[in-house]
Amino acid sequence: MTTTNTTPGTGPVEHTDRGPLTTDELAARIARDIPAGSYVNLGIGQPTRIAEHLPPDAGIVLHTENGMLGMGPAAVGDEVDPDLTNAGKVPVTELPGAAYFHHADSFAMMRGGHLDVCVLGAFQVSHHGDLANWHTGDPDAIPAVGGAMDLAVGARQVLVMMKLFTRDGAPKLVPACTYPLTGTACVSLVYTDHGVFAPGPDGVRVLETYGTTVARLRERLFVDLLP
Amino acid sequence: MTTTNTTPGTGPVEHTDRGPLTTDELAARIARDIPAGSYVNLGIGQPTRIAEHLPPDAGIVLHTENGMLGMGPAAVGDEVDPDLTNAGKVPVTELPGAAYFHHADSFAMMRGGHLDVCVLGAFQVSHHGDLANWHTGDPDAIPAVGGAMDLAVGARQVLVMMKLFTRDGAPKLVPACTYPLTGTACVSLVYTDHGVFAPGPDGVRVLETYGTTVARLRERLFVDLLP
Amino acid sequence: MTATIAATADEAVAGIEDGSTVLVGGFGLAGMPFDLIDALIRQGASELTVVSNNAGNGDVGLAALLKAGRVRKVICSFPRQSDSYVFDELYRAGRAELEVVPQGTLAERMRAAGAGIGAFYCPVGAGTPLAEGKEVREIDGRAHVLEYPIKGDVALISAHRADTMGNLVYRKTARNFGPVMATAATTVVAQVTDIVPVGQIDPETVVTPGIYVDRLVRAEARRLTVQGAR
Amino acid sequence: MTATIAATADEAVAGIEDGSTVLVGGFGLAGMPFDLIDALIRQGASELTVVSNNAGNGDVGLAALLKAGRVRKVICSFPRQSDSYVFDELYRAGRAELEVVPQGTLAERMRAAGAGIGAFYCPVGAGTPLAEGKEVREIDGRAHVLEYPIKGDVALISAHRADTMGNLVYRKTARNFGPVMATAATTVVAQVTDIVPVGQIDPETVVTPGIYVDRLVRAEARRLTVQGAR
């Protein structure tokens, strides 16, 4: 699977002629990396927006973990059916070639490595690809995990879609997650407004930057960016 | 579930006014003990013949472990369909209300304790209810187990249908199985031509005899028959 | 034993005892057995352990059962929702225990109960706080957590259609936990839109064979409002 | 990735490597992928481990593959049949290894491979010779044997109908191992009676979703003789 247009070995592509990606541009950027014919799970929240950017003729099939392959766009008007929702409990539609299955089968599909790609939001990703996206660690918070841990472990490629910095400017790509983990060493690529990163056992490779350079990112991040 | 008409505490019923049960009578005797509405698996071989004696209006549903509930009688003539066989690979028919499922689901149903009764043939049953019915122990024999071990472990009531003695006159209800085991302490009741027995942790209780008495069976068997 | 058809939801939930573990189907509104939950509230069993994906929304269904003070413990994957205020309050007040289980592990643990599997090693949650206190084993270079079955005394589920033998079919994503829970409880009660004579469900399309279903009841007509709440 | 439709069975089995583990569907004749097995014989891969319920009947199908000397090991529940003379000879001559697995455990081990379960504790076989050398643990007062997944490099299965996305439905008891094996192999090849356009299989009735299927081929018309052989 080609996960990026960047040819390995040529080093990062620095898009300095523009600012950071908007959420919509980021969704489109990720959509571009999803190969035709893939089976894909788009996590609740921002990753859902990637669907709008998938080419209709690419034969990409969406999985929703509440028990369906071949999920279509959000339902509108008369299409709304209380028996047909996505994992975010939003009414959706069914595409030709869809299939329904129960929860154990759906998560078996996920855990067994049959999904090509899933895209998740994140609070933090570590330079080795650990993921934290289910719990802020706030002692007053009520823990709730849903399918996040199953997705993190199951898909062949786990892509993260997130802003690179919190509102306070703290990096979310970190040496070690301070939030409770969702999964360890599970993230393949991190797509952010400022760039695309590949975490790994040796550290983080930068694939692209947007509105910034690797050099400037080195100053703002506390992780080793591989040369 | 009432597994026998013998009232507990009244001791064994000795049918001395007749000879041992024929295979057909034995099948009918077992059929009589299967409650209306039960889900039942009849093992390959002689237990299959029990089906002929089940009252059609009792709503007993037959399971075949190759993936079906609601199995009907053997197929004849045009009914024969290569896609519809029982566990013995004999063409069978489908009754109204049937359901098909795959092997993992079928054995999950069995292992999970959802079948009320299964009836199996046996080489030997021990006085504690150990079952040996898959392998003669002959070093030259090619081992083959099929679903025997799954059935022995799974059904709520495992009934054995067998002759009480081998052709050589050796008892098949024994203190300890000499053949390789299929399952341990799994047999509820043993139906034989000479009598019906309930093995258990304390030994064997005799429920009925046919053409013999408990006293005479004591002489021929090497197991303790409880008073 | 074959399924019995109850005249009312109250009859369908009769006999549920205090302290029971109750598996409750549904994901959001889809597949939620509202009639059976309402009947369970009227029936009065308390000190329940409820196993479900969520911990109730608004003031209806599971939330109403919680509000009535009948639930000692919730085992679920996602209690926190925009309108889960009933659970939130009970939890914060220390009046409801919570066991959070990853969604797929929740389903698989119930499958294990129904399938006679004693325990299984699962990679999900390894290295996270949800694996704390659990046995971990490395298999094929990957950490796996040992997970045990979740068995219910009762399952309350909702399906689309039943025949009189209890064979069930579902509708779209309302299938969700129903087929799994039906295998995992001693007594399985299903509310269905429709009960048809035997022979009117194609045997190839049965999702829950009747062997798993103990009691059936026709669902009351109910107009569900679809919300986008998680 | 979505399924490709092969023009011939030979194209469908192309690339199977020596030493592969091949899962072969079917129970007796029902669901046996005869075209794919014949093509595999022509394709020539050897030193195979074959996982199937039986070890071949007569001179056709798996028996022919065995006779051609391509199989190093058979993992199955029931090799011995009235007409399993090809396997019997090879086994007695020490030219084929055999691992006998209880039928349900065979299915469950493949399910585990497909479902990402690292291992599971199973009560079947505990206290019998088939548990020898295996880890045993007492759970809830009952002995359980630790069983590991069986994963295939290739699965060869037979189904009734496919759509062009690879969604499969089966017919009656020919369903047997197909849906499980489809989840448990890296490359899944299905021979089907019929391939229909997308949208012509009701999504509620799909048994094997297309995500599991890599290659499809139309089966040749074949007149099967039903035998009563075990």
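Note that the chains are named A, B, C and D in the order they appear, and that numbering of residues resets to 1 at the start of each chain.
Simple rule for what comes next: contacts are C-beta pairs under 8 Å (C-beta built on N, C-alpha and C of every residue); 3 or more make two chains touch, one makes a residue touch a chain.
As the structure is a computational prediction, the values presented were derived from the model and not from experiment.
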Item to complete: In contact with chain B and with chain D at once: which chains are those? Just list them.
Response: C
Practice prompt. Look at the interfaces B-C and A-C and say which one is made up of more C-beta pairs in contact.
Written response: A-C
Worksheet item: Just how far, in Å, is the C-alpha centre of chain B from the one of chain A?
Response: 55
Worksheet, complete the sentence: Averaging C-alpha coordinates per chain, one finds the centres of chain B and chain C separated by a number of Å equal to 35
Worksheet item: Which integer distance in Å separates the CA centroid of chain A from that of chain C?
Response: 29
Discussion item. Quick check: how many Å separate the C-alpha centres of chain C and chain D?
Written reply: 33
Discussion item. Two-or-more-chain contact residues of chain B, please, as numbers and ranges.
Written reply: 68, 94, 100-101, 107-108, 110-111, 153-154
Worksheet entry | Of all residues in chain D, the ones touching two or more other chains | 108, 111, 115-117, 122-123, 170-172, 203-204
Worksheet item: Which word fits the touch map of the chains here: line, ring, star, complete or other?
Response: other
Item to complete: Provide the full list of chain pairs in touch.
Response: A-C, A-D, B-C, B-D, C-D
Worksheet entry | Residues on chain A engaged by chain D in the complex (per definition of touch) | 35, 37-39, 59, 61, 63, 68-70, 94, 96-101, 108-116, 153-154
Fill in: chain B contact footprint on chain D (complex, rising order)
27-31, 77-80, 87-88, 91-92, 98, 100-108, 110-111, 122-130, 143, 160, 170-180, 207, 224, 226-230
Worksheet entry | Residues on chain B engaged by chain D in the complex (per definition of touch) | 44, 64-68, 80-86, 88-91, 94, 100-104, 106-108, 110-111, 130, 135, 140-150, 153-154, 180-184
Worksheet item: In the complex of these two chains, what residues of chain D are touching chain A?
Response: 1-2, 111, 113-117, 163-165, 167, 183, 198-199, 203-204, 206, 209-212
Item to complete: Would you pull the chain D residues touching chain C in the complex into a rising list?
Response: 108, 112, 115-123, 137, 139-140, 142, 144, 148, 169-172, 202-205
